[in-house]
Amino acid sequence: MLRLAPPGFQRFVQARSFDVIYGGGEANVAVSLANFGIPVDFITRLPANDVGDACLQFIRQYGVNVDHIMRGGERLGIYFLEMGASTRGSKVIYDRANSAISTAKVGMFDWETIFNDVKWFHFTGITPAISQNLADLCLEAVKVAKKKNLTISADLNYRSKLWKYGKKPSEIMSELVKYCDVAIGNEEDAEKVFGIKAPETDVTSGKLDPEKYKHVCENLMKIFPNLKKVAITLRGSLSASHNTWSAVLYDGNKLYMAPQYDITHMVDRVGGGDSFCAGLIYGLLTYKDDYQSALNFATAASCLKHTIIGDFNLVSVEEVLSIMGGDTSGRVSR
Amino acid sequence: MLRLAPPGFQRFVQARSFDVIYGGGEANVAVSLANFGIPVDFITRLPANDVGDACLQFIRQYGVNVDHIMRGGERLGIYFLEMGASTRGSKVIYDRANSAISTAKVGMFDWETIFNDVKWFHFTGITPAISQNLADLCLEAVKVAKKKNLTISADLNYRSKLWKYGKKPSEIMSELVKYCDVAIGNEEDAEKVFGIKAPETDVTSGKLDPEKYKHVCENLMKIFPNLKKVAITLRGSLSASHNTWSAVLYDGNKLYMAPQYDITHMVDRVGGGDSFCAGLIYGLLTYKDDYQSALNFATAASCLKHTIIGDFNLVSVEEVLSIMGGDTSGRVSR
Amino acid sequence: MLRLAPPGFQRFVQARSFDVIYGGGEANVAVSLANFGIPVDFITRLPANDVGDACLQFIRQYGVNVDHIMRGGERLGIYFLEMGASTRGSKVIYDRANSAISTAKVGMFDWETIFNDVKWFHFTGITPAISQNLADLCLEAVKVAKKKNLTISADLNYRSKLWKYGKKPSEIMSELVKYCDVAIGNEEDAEKVFGIKAPETDVTSGKLDPEKYKHVCENLMKIFPNLKKVAITLRGSLSASHNTWSAVLYDGNKLYMAPQYDITHMVDRVGGGDSFCAGLIYGLLTYKDDYQSALNFATAASCLKHTIIGDFNLVSVEEVLSIMGGDTSGRVSR
Amino acid sequence: MLRLAPPGFQRFVQARSFDVIYGGGEANVAVSLANFGIPVDFITRLPANDVGDACLQFIRQYGVNVDHIMRGGERLGIYFLEMGASTRGSKVIYDRANSAISTAKVGMFDWETIFNDVKWFHFTGITPAISQNLADLCLEAVKVAKKKNLTISADLNYRSKLWKYGKKPSEIMSELVKYCDVAIGNEEDAEKVFGIKAPETDVTSGKLDPEKYKHVCENLMKIFPNLKKVAITLRGSLSASHNTWSAVLYDGNKLYMAPQYDITHMVDRVGGGDSFCAGLIYGLLTYKDDYQSALNFATAASCLKHTIIGDFNLVSVEEVLSIMGGDTSGRVSR
Amino acid sequence: MLRLAPPGFQRFVQARSFDVIYGGGEANVAVSLANFGIPVDFITRLPANDVGDACLQFIRQYGVNVDHIMRGGERLGIYFLEMGASTRGSKVIYDRANSAISTAKVGMFDWETIFNDVKWFHFTGITPAISQNLADLCLEAVKVAKKKNLTISADLNYRSKLWKYGKKPSEIMSELVKYCDVAIGNEEDAEKVFGIKAPETDVTSGKLDPEKYKHVCENLMKIFPNLKKVAITLRGSLSASHNTWSAVLYDGNKLYMAPQYDITHMVDRVGGGDSFCAGLIYGLLTYKDDYQSALNFATAASCLKHTIIGDFNLVSVEEVLSIMGGDTSGRVSR
Amino acid sequence: MLRLAPPGFQRFVQARSFDVIYGGGEANVAVSLANFGIPVDFITRLPANDVGDACLQFIRQYGVNVDHIMRGGERLGIYFLEMGASTRGSKVIYDRANSAISTAKVGMFDWETIFNDVKWFHFTGITPAISQNLADLCLEAVKVAKKKNLTISADLNYRSKLWKYGKKPSEIMSELVKYCDVAIGNEEDAEKVFGIKAPETDVTSGKLDPEKYKHVCENLMKIFPNLKKVAITLRGSLSASHNTWSAVLYDGNKLYMAPQYDITHMVDRVGGGDSFCAGLIYGLLTYKDDYQSALNFATAASCLKHTIIGDFNLVSVEEVLSIMGGDTSGRVSR
């Protein structure tokens, strides 16, 4: 997607220019993994015009393989982002109807080839929420992925303004999550998508009680016994400039809790969840059975994301390890 | 429409920001007339979101009345503009499918009220080219305008990439031009819309032989005897930075020729035709039967447009008169 | 006025460009009310040059009626603003001697016509502080406003660097406030203008004891029994980036207290008082006898102002209502 | 003065920022001489605030001695500059009434000390045009300069919008030029100030007949027999982006003619005349009796000025010599 | 290399920011070829720090394979570029001593692997001019390339400020050109490197007599009988904003001449020669024995380069073909 | 040095422009003192090119005397600065090998003349860390300074990435500090340079126990009995956006403690230590035996530095006194 944002803290009506960045759910995960040194392919469809070229080149610069991106369709999806501050929240206006990817169809992508020598497939709940086409395409992909023994992870990522094509999220997502090994969500996703409610969550208070999320994880695993891990990110919204950030990981047995980070002076929180997914994939691939480290890596990585402009988490493994090791002092590295 | 343009001479792939301007055919004419001190209403439909607000406020600042603009629909139409230089031409990518105005319908606008105490109605051929809805809406408008005795002008403005909804330009435009008093076009419009060809036009040479355009005007008036005036703008494209600019006006009797301007160091040629239309409307309203002056005003006004960034011709009557009087020396006004 | 501000946190000596915004006391109130959907006229005098045009158009874009603005005089008043941060306060340098409005004279404005079908007249103490001309003009306006039964509100807005033409603030302001229904001030205004001191105010501490402001309100009403309401804004200055913000409203009987907002990461506090005035006018017009809601709306609106660049409070009623309802979590609105 | 200019080719009404540069007649000459390695003092009065500081520091960076600049007064003079292009000329709006220098008074500057060990004093006709105060101050300065045997040069620099304090330019300037050794003007100055008309000058044609300016020089020397040299700059205005540039120098005997430069793609012509003055002072100091070289240096230097943003001619002697030697090919220097 | 350029036409002393672009001889050729759809590898050495990362990612975005770039060494080479205009030429200051590539050594690159399945190897005369190390490295590369039957092309690219390590250009370049199939140079290279002088070249006049370059080509082929083709670019420098551009190609038999382009309003001429090399390589690969077309493609491609900001020629084959077909009218492509 | 920093919070790989500022240890101290009205000379060596000119002019604008700066050498040292935020620290990449100053030699500067009528000489530990040349040059300077009875201060300023030429910091610095009257360092310098460790310092905690630094001061004075004062700055790093700041001063007898400042919303902490040195020099010169005031001035001055963009502390004595007097409320100064 093309992200158009007024510079600084300008409101839309004040802007005489928009900062241009390309990004979006799965692209964000791909770039973050590439930054961690993981070979990664990004699969999407972009219009065969200069705006599509610009998007492709933007993603390619970070080392993501773009060879399987299809070109065609009418337009690149757009989102407008107005950055909030203090008591004024950020504002997102989506303009992605009829985007090249939304009109992609089953059969367009050669998943068999794409998944050759691939270990992991990740998708987000935004994709099947856009159109029936995309829901079908997702299902096609997860089936091939499953057949070829890839680990499959899904970011539930519920967005109320999507899901307009007549199906309920629960209906579509159930079909997809059945094939998944790892499910990731924020505090609201499980409730909004599958009706699993964590008791007493007050997202505006800044206070978090992670234990109660065990309840969510367990219930999710009950519905989807195929799931081997469930992770939940925990954001405390004190203001548009100040959040707390943590996460839990459940392996069916034990709930692992990450440390909670206090993120004052946030630079850009868009893509926070995606950076967590990338961190968790990296963590599970790297730390293997050490789930606590995998979770801690994911949480530290996504903590850092909040200091980076744009959707992408442009940080290195070394930088994440330093945060993970406890140094959030922000000292100058000379 | 929202116009997104890389700053300076950057290509799309280089841009990390887009300059933001709102404009488009009829809006350009409206703002130009408002700058000339003519009370003017702009009629369109804008989405009921912050991007729509920003567009409305952008137009309102120049004194155009926006009270009859409808709010609703999905999105604001967008066009991407890459500014050319020297031998590299500018590039426009349209992204306006499903814009709020394109889905407007007959009956949405109360033309009877809108046209109260109004003398002139102007539309461009871009509007009916977008969708059947808009063609019907245009027809609805010109019929009421005719009934209420407004002068009606049409800028033929043929765009090959539009007209995708199954109708031919000639078919739709004939229906509309039948109600018009004034038709305006560039060297190619009459040919592309109605098949009226001027012999031997070479638009890349910079040399112009205006007399041959009399042929075009006469033939147009034969088809549409209702037309009282036909004007043709004459652009000589020497390079993306250097054009010549002139125009002719035919009143059924006599062909009036404007002086030819040599426009080196062009700043922005988008909206050149619209600024001519506004200049001609102003000229005909002001100079009445002095058609030569009306034409000269229109040509001088649109010559100046090429020095203004954006779609709008932000110049005053005094500035046009100075050019019209022959001073193109560009001396500093202190 | 033309506001010229170095970008970001640059000092004046570092700036190679100034951000350009037009604003000023009454204009700020007018634009804020227009944003709330209230029809509003802004009355001033602007020079008949391009800088004056730019100011007029800047204000007009937000929907304020500018038809009664006079053109003439020598220049537009200017203020230079250096934005502070942390322990370094913002710095304002005024350059408004001989501005077009400062040389306006009694008789120039046709108040009878201007006030036709108008309900409310608002002015600030800055205007009569500039010149005897303006003090006289203000008096002329309030007298006509009174005669025509408008509600009249005054923002006391004491500025020590003004009041240089030989009269004391108390002398001039007493004459004007006698005609007012609503008086608004900050913690220092009542003392600086009328010598009414609130005991033990420490504006640098961040701690506020609103009850003591009842004393100020009561005393103000004693001097001006015509006043029906007195409002005081309460700012706690912890640093240039972190303030607290609240207000009280007194109706002669009861002191209403607004919640106190903690505004960290302030974007721009200029115009905070003006946005309160606009919020209070909107609140009193909308909530009528529900003074608590009127005050809460005003306080929430002006809290939001601190997150907006420029003098104008570019927020909607919906956004204020959300803050007023207690959600200052700054979550992303998608 | 503070120069405020919309970036690029924006019109005033479009600008949301102004580029900031400090400059003005005599300052421009001073900085240019400092760039040529000539020790130079700039004498003016600046307000004792941060804007005055910024101006002083801006000038100081280029190596001009600012120790004799007085601080005080109300404000720094401002001019707004809208850069023209092609057929649209640049536009200047002055806002310098009541500037710190305009209210300077006779006796404020210790000319005896200032002129110690100084060889040359230069002033422009803008200064005495501002106020009677400044005319008196100029006269005071030239008298002391004369007494101390400095060479005195005056740039006539007629500006029609100044001279508003009741005296005629001829009256005041005659008094001052009586003390001068060198007079410099453009094609119109001699006529506008002293009524000496060059026959048939058409400044918009681009064609120049320098010989006829001999007539002007001779007549000027008749009125002011003290003048040892008269120089006239010759600008041909083809468009706002394309000028020709040349000059003549008369020594009472012989008219020296500089080559004519064709300046296409002009960057900024403001300060062109000032850069010629600085070049001529440098030339006369350096080439002594070789007046042709002095003139050629001045013309080449001021030709280069048209390629530099801002009022100052930031070029070195080496760069001028290269142009003077005939290389205007603009090749890359690596 | 890191290119640092003041924005617009600012001089170095005026700049408060530098535009950042990464480029340099061979990189420019590589990116241009990638834009034409040719698979291409760029071989260099970059420091293992964030600046090196930024350079690598900048190049990678355009689709150049960067897998063989070595990381190590002290620093990235820098050049400062001040953009000229009109009579003022651009200025380049090199700061590349001790760059990572300059300290690369023979044996560091595995040429056998790098050249697997590769058809063409291109280098420029800048590389061996930097250090003995690099001259040795170049020789190592051309020897392997020859052995593996790659076509080898060399851009002579003489830079007088390099060649400081004690060897003469003729000495080193002779050793290298002996292995080449194609030699490319501008009007001065053959003379400066091998002493082959074209009679009467006046590079500042804008007038070109290409035939005389046949003499240069023939003589070059006499010295290096291995050369199968020699191409010479022909630049006429009318001003920093206006050049003419053409080229000749000699195949040992016949001199092919390209059309001459008149490039007014140049945007950026840096990399012009490199874009010609890329165009010629593409042309010879694509048009095979049709040398005229190969030359015309190269010349048209490099003509377009002068309209693109930065060192890279970011144009497509389609855009080149349009220029090559004769359309330099710069019309808007909608 | 030339400082190149991506704008805002961009990472290096995102930047398409770098903000340009010139600065560096001793220059920062010099400019700060000049801002306090102290006549000051800056001694260094700059390359004789436009980049060197730009650096010199940048420093000169603030009133520092640059007459003794030598011109010559290869290049200007560069450092790249990526500004951190929240949990992400700033990053500095040095590129200063072979800078003009690093290759300066003993005998190049005429210290006898430079130190005429001078009271104080200050240097930092960065200079002798760069090269043996510079260590020798420093020693040469301090010897002459001592002979001529200047007060000599040294900022220990240990940088681990320097000191690569084979000598240990302790070895070189001991030789130099023997001549000093005042030594200044941060919490780590004494340990890193001379092995004097303060017990239990946890620089990431934000909690400070200044008394323990007495131990450091006493031990430093034991080694260097010539020292009359030792000052230590105390930074608590809570995050990249939030630090605490304080300092102690020891006179051999008594430890003076400054108040601790809480600096949230930091703008730029680079040059914080240098601004403390300048403040202390000013303080000791101004407050003489009132060491508490001298220390408080230094601490308040350097507290303010954290709100200023760039290396230089562009604040006035009045602004420091206001902070020193306890007003850190950041109120608007109108």
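Read from first to last, the chains carry the letters A, B, C, D, E and F; within each, the first residue is number 1.
We adopt the following convention: contacts are C-beta pairs under 8 Å (C-beta built on N, C-alpha and C of every residue); 3 or more make two chains touch, one makes a residue touch a chain.
Worth saying up front: this structure is predicted, and the values here are computed from it rather than measured.
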| item | value |
| --- | --- |
| B-C or A-C - the one linked by more C-beta pairs in contact | A-C |
| Label of the chain whose CA centroid is most distant from the centroid of subunit F | B |
| A-E, B-E or D-F - pair sharing over half of the D-E contact pairs | B-E |
| Rounded Å distance, subunit C centre to subunit D centre (Cα mean) | 45 |
| Contacts with two or more other chains, residues of subunit F listed in rising order | 11, 13, 16, 57, 61-62, 91, 264-265 |
| Of subunit A, residues touching subunit E in the complex | 57-58, 60-63 |
| Subunit D contact footprint on subunit B (complex, rising order) | 61-62, 261, 263-267, 303-304, 306-310, 314-315, 319, 323, 327-334 |
| Contact set on subunit C toward subunit D in their complex | 4, 7, 11-13, 15-21, 49-51, 53-54, 57, 74-75, 78, 80, 82, 91, 93, 95, 97-98 |
| Residues of subunit B that touch subunit E when the two form their complex | 8-11, 13-14, 84-92, 94, 159-161, 203-204, 237-242, 264-265, 269-270 |
